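Worksheet: one structure, shown below.
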Amino acid sequence: MPEQTIESFSIKRLEILSETGDADAALMPPLSEEQIKELHELLFVTRTFDGRALNLQREGRLGTYAPVLGQEASQVGSAYAFEKTDWLFPSFREMAVFMTIGYPMNMIFQYWSGDERGLKIPDDLNIFPISIPVGTHILHAVGAAMAMKYKGDKKAAGVYFGDGGTSEGDFHEGMNFAGTFKAPVVFICQNNHWAISVPRERQTAARSLAQKAVAYGFEGIQVDGNDVFAVYKATRDAVDKAKRGEGPTLIECVTYRMADHTTADDASRYRTKEVSEAWKPKDPIVRLKLFMEKKGIWTEAYQKELEEKSKARVDEWVKMEESVEKPSPKDMFMFTYEKPTPRQLKEMGDF
Amino acid sequence: MPKMNMVQAINLALKEEMKRDNNVVVLGEDVGRDGGVFRVTEGLLDLYGSERVMDTPLAESGIVGTAIGMAAYGLKPVAEIQFMGFIYPAVDQIFNHAARIRSRCRGRYTVPLVIRTPYGVGIKSPEHHSESSEAHFCHMPGIKVVVPATPYTAKGLLISAIRDPDTVVFLESARLYRMIKEDVPEGEYTVPLGQARIVQEGRQVTVIAWGSMLHRALQAVSTVDAEVIDLMTLLPFDEETVYKSVKKTGRVVIVQEAPKTGGFGAEISASIAEDAMLYLKGPIKRVTGYDVVLPLPKLEDYYMPTVNRISKAIEEVLKY
Amino acid sequence: MPEQTIESFSIKRLEILSETGDADAALMPPLSEEQIKELHELLFVTRTFDGRALNLQREGRLGTYAPVLGQEASQVGSAYAFEKTDWLFPSFREMAVFMTIGYPMNMIFQYWSGDERGLKIPDDLNIFPISIPVGTHILHAVGAAMAMKYKGDKKAAGVYFGDGGTSEGDFHEGMNFAGTFKAPVVFICQNNHWAISVPRERQTAARSLAQKAVAYGFEGIQVDGNDVFAVYKATRDAVDKAKRGEGPTLIECVTYRMADHTTADDASRYRTKEVSEAWKPKDPIVRLKLFMEKKGIWTEAYQKELEEKSKARVDEWVKMEESVEKPSPKDMFMFTYEKPTPRQLKEMGDF
Amino acid sequence: MPKMNMVQAINLALKEEMKRDNNVVVLGEDVGRDGGVFRVTEGLLDLYGSERVMDTPLAESGIVGTAIGMAAYGLKPVAEIQFMGFIYPAVDQIFNHAARIRSRCRGRYTVPLVIRTPYGVGIKSPEHHSESSEAHFCHMPGIKVVVPATPYTAKGLLISAIRDPDTVVFLESARLYRMIKEDVPEGEYTVPLGQARIVQEGRQVTVIAWGSMLHRALQAVSTVDAEVIDLMTLLPFDEETVYKSVKKTGRVVIVQEAPKTGGFGAEISASIAEDAMLYLKGPIKRVTGYDVVLPLPKLEDYYMPTVNRISKAIEEVLKY
């Protein structure tokens, strides 16, 4: 009995919408015109929001901010595939996810201005607060999914992280728990090719991130992350599968971080302009626009209206954010525990 | 009333709380079929099934991190870390998440989680099986730290911990697990968190201890008019009871199993030196483990505070 | 451009020596008769050592002990494939590894009796001390391998861990660093089917552990861990590959923990006798013996001599261990830092 | 002599030590091409190449764990953790291995490793970018903890740390990085570990601080005859210098940026209360961060000990 092959795997990549705006009819998910327009609007208003955030930061009105430019389709397409009762677990760059679920975006401005109250999640939204320590929140999503399963709730959890996040031990432990307990969770990895200055190839020797699922005995799939239809379809399939009790899925959305890592970063130190220029033709919004144009649902007038509407919404969020009262120093003490400790009460006397 | 050791008392608390509340689940390495390496979770699997008593993969950050997700979703997980020396991979989840999620989202999500783990020297085990690292957890606002010293209080404290709305690190002295038996009522009772217990009243010196050290402290005071305080909850600790005693006795000895430098005894001493200094008659003494890498069994008895070392410290403070 | 397959992987399993003692000639590594006898002796003396350790523990002369029964071939075969200048990183059950490299086994008794001095590694042996926290030492092996590469030393590192160890974050981070830096390291996973009471199937949903290498972009291979030739060949190939600068390999040795997890464990609480009985015919020593018999290099006389010699060696180690002076309490202070701190010097005054 | 800020001084120490000794290597997230998010490792990649200045995958346990292996093999790694709030995943490697390997094998292998990380409030950053968790590391025999407060000492201490035969956790106040400039000589000099520095002599009160708090302490004492001690090394701390000063002044204020409970200030206070109590005229005051989850930038200035709070504490102890 010599050498024998005991297992074989293959990793698939899904693309639906070409750079020229043509969709593969066989794979195209059932989306109405209204829904397609909604997706387009979500992409667009996110980009407007994102640009404004950069401006506000430059004016000193926000703190450090992590732009989402270029990755909007990975986030909108995936978040759109969940239901309102599902639970989402964002990392720190998921502005488009918050947008898609209808989060009060003035509060996101508030958060980035350095105010915890921006993450006081409204009761009717099931999204976790922004998690800064890379990869760590993956376990929370898995745990929540295990709880959903235990409770018999027909829900799924979705968790967002980057290519860098796949290197952390918590990614591994989360993926492994999810596989072992067949938890209803969808792992959404935005491979935007960079973890601050570290390029994707130096993050891991694996040729795809999707193939990391092999280690945990469940399916991994790569999608064109700038193709909102492909992202939506892959996520939707994974959510449905999770709810059927068939366990987790890893989705690698291949996209690109078009901007600096954050406003504290200067990407020109470690990458040339050319490499990001090369990604411009793949822009998720351009591509969807071409598709809509071909379908006759994109017109100059529609675009103009969208731009005005987006600007107005963002203006409104900025205004709302700026009208918020300053937090009280006493707030520091109010959420450490359910009730302040005797020592905290004494300390509060300073204010 | 049945006499129980600490393993039995804790086991009973788990059984009763799981019966009372379907949201209480147990997870960890070998907690199911095996009943835990110390048998603390024995019988839970048969009573409540593998959906509620989860043998996890071997990954401490995974255990605590998923438990955080469960807690935020509405369950009340009781996670076991097999030995305190293996809790460190979970420190990030405890410090950066369990302690902070309430604050991060201003109370929308909370983490009512209990992390149980055996600690301490005294069972002649390999490396990393004898740590008492409570001080690390006592320097993290947002969590609570509880260390029972007797079967009765262990049951009542664990029930309080499970019902507590915040994350509680619950430390069980492995040396005490089967050392003492005492009356432990079946059925519900609680011992409140944040309150110390005066085990013995006295006037000449206040001896403060927790967990396994309490019993050595009690042996050491047999011939002295000492007030002995079992701290029970370390974070937040019961300053009032401590200061009241110090005001009465004017002398303090603190006994801690962990290495001296940076141990929790330092916080108690510093608090007294700040808020009750004027009542002190002399130095505050700490009797502690030495500042060394914890030795393997052949030397472990030399490492731990002995009754003799405690007695000597008491003698010394009584000189003032 | 619809769904396409972007990657394909397959996992191989290597077996050379059958349960009836027949070896696959095409795969058989070039081992002399002397070497084969040496392997057999190493297996046998380890088993003798292991049995004695259990006895000593029962008599209270050792502390907790982790028996190696059943796994000898995985350890001997792999350790034998390294050179003396290579560095090995054991976990806590690697008695056969220590045996194979010629470690003074009296010191291993001394260690399990609760005395650090048993791990004062002789200067001419490059093995790390026993590491208890599961999976954590994997990173040390990878770091040492990175250092070997940096220094231009033609060496490899070998690291031992169990099926349970693959669940820890440090396994993941170590594998990923090794892949990324093409470190000359061989990962030797003894899948003995149990992590204390947790069976292999509940440790991960992956069907093999070898396939976990896919996540890191390098080769993983499964071998029959009770087949000393297969283990030797796979390890030797991996060591050679590492030294050629071609990076790491994961080897899954499929074997079985025939005894309790440790002397503090009672396996009858969680597994039936039958399941371990089923592994008896696969015993690594029986199998090698049958092979040697067929080759005419095993005789009753040889066996008798081996038994006597093994017993004598183990007796000698026990005697040596028991003649060791008790450690001094002052020893506690001598190895925390290079020099004791002022506070430690004060504390030493107690002794 | 060139004037340098702390970033430049530390950068210079790294350059010089790497030039002197081929075994010194640098690893961490973004330490190579990017030169570190604070530019502390700027220029090293160009000087010494990517084999010695390693951009690692995003994994803190991996960084410290592989660095331990490198150190044991004979290198002298300087590992960077991008922010102290991200050091927790590496705590297991630091506590269970870096601190213990020497002891585990009785000195055959050692871990001459430096772990550098920026700490502290004051750069208006997101959550987890403002921690000062030095106390956790000060309760772990086997490692050393160093916190420089000035560019000159930073360079000299880092050179000592790199040459030290044990693992050193080296904490750099992000707030100080570019705040102060002072003369820093090029070329070799060391500031010894384990020794405190009297920044200002005085007779009425001893003010003890480290890192960023030193400068606030100095501001607060401008009108008082205070002795100000810059601790520099926290573990092991220079008891002699502290006690000598306390004997002289009889009054103590300790300033620490971390939350109060269980912070390193407690150890200093407790040590004094134990070994120099009889020289004290009144309570030992700690001025510290509050016992809360560290707030985001809008409230961070309220969290930190202010000059005003330090002054008030000094006034109070001066009453005795």
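By letter and in written order, the chains are A, B, C and D; residue numbering begins at 1 in each of them.
The rule is short, and it goes like this: a contact is a pair of C-beta atoms (placed from the backbone, for glycine too) under 8 Å apart; a residue touches a chain by one contact, two chains touch by 3 or more.
Computed from a prediction, not measured in an experiment: that's the story for all the values here.
Engineer: Select, from B-C and C-D, the pair of chains that is joined by more C-beta pairs in contact.
Structural biologist: Spelling it out, more C-beta pairs touch across C-D than across the other pair.
Engineer: Based on the averaged CA atom positions, which chain is farthest from chain D?
Structural biologist: Result for max centroid distance from chain D is chain C.
Engineer: What whole-number Å value describes the gap between the mean CA coordinates of chain A and chain C?
Structural biologist: Inter-chain centre distance comes to 43 Å.
Engineer: Could you put a whole-Å number on the gap between the CA centroids of chain A and chain D?
Structural biologist: Going by mean C-alpha positions, chain A sits 36 Å from chain D.
Engineer: Could you work out how far the Cα centre of chain C sits from that of chain D, in whole Å?
Structural biologist: One centre to the other, that is 40 Å.
Engineer: Which residues belonging to chain C are in contact with no fewer than two other chains?
Structural biologist: Within chain C, the residues that touch at least two other chains are 116, 133, 167-170, 173, 176, 180, 202-204, 335-336, 341, 343.
Engineer: Give me the residue numbers in chain D that touch at least two other chains, ranges are fine.
Structural biologist: In chain D, residues 56-57, 59, 61-62, 85, 89, 92, 96, 103-104, 127-128, 141-142, 236, 261, 291-293 touch at least two other chains, as defined above.
Engineer: Linking chains that touch, what shape results: line, ring, star, complete or other?
Structural biologist: complete
Engineer: Touching chain B in the complex: which residues of chain D?
Structural biologist: Its residues touching chain B are 61, 85, 88-89, 91-92, 95-96, 99-100, 103-104, 127-128, 133, 135-136, 138-142, 235-236, 258-259, 261-267, 269-275, 277-278, 280, 282-286, 291-293.
Engineer: Would you mind writing out the residues of chain C in touch with chain D in their complex?
Structural biologist: So the residues of chain C touching chain D come out as 87, 116-117, 119-121, 123, 128-131, 133, 136-151, 157, 169-170, 173-174, 176-177, 180-181, 335-338, 341-343.
Engineer: Under the touch definition given earlier, write down the residues of chain D that touch chain C in their complex.
Structural biologist: Interface residues on the chain D side: 25, 51-52, 54, 56-57, 59, 61-62, 64-75, 77, 89, 92-93, 96-97, 101-110, 141-142, 144, 165-166, 194, 236, 239-240.
Engineer: Which residues of chain D touch chain A once you look at their complex with the stated criterion?
Structural biologist: 29-30, 32-35, 37, 55-59, 61-62, 85-86, 89, 124-129, 260-261, 290-293, 295-300, 302-303, 309
Engineer: Would you pull the chain A residues touching chain D in the complex into a rising list?
Structural biologist: For this pair, the touching residues of chain A are 63-64, 92, 111, 113-116, 132-135, 164-165, 167-170, 195-198, 202-204, 264-265, 269-270, 326-327, 329, 331-333, 335-336, 341, 343-344, 347, 350-351.
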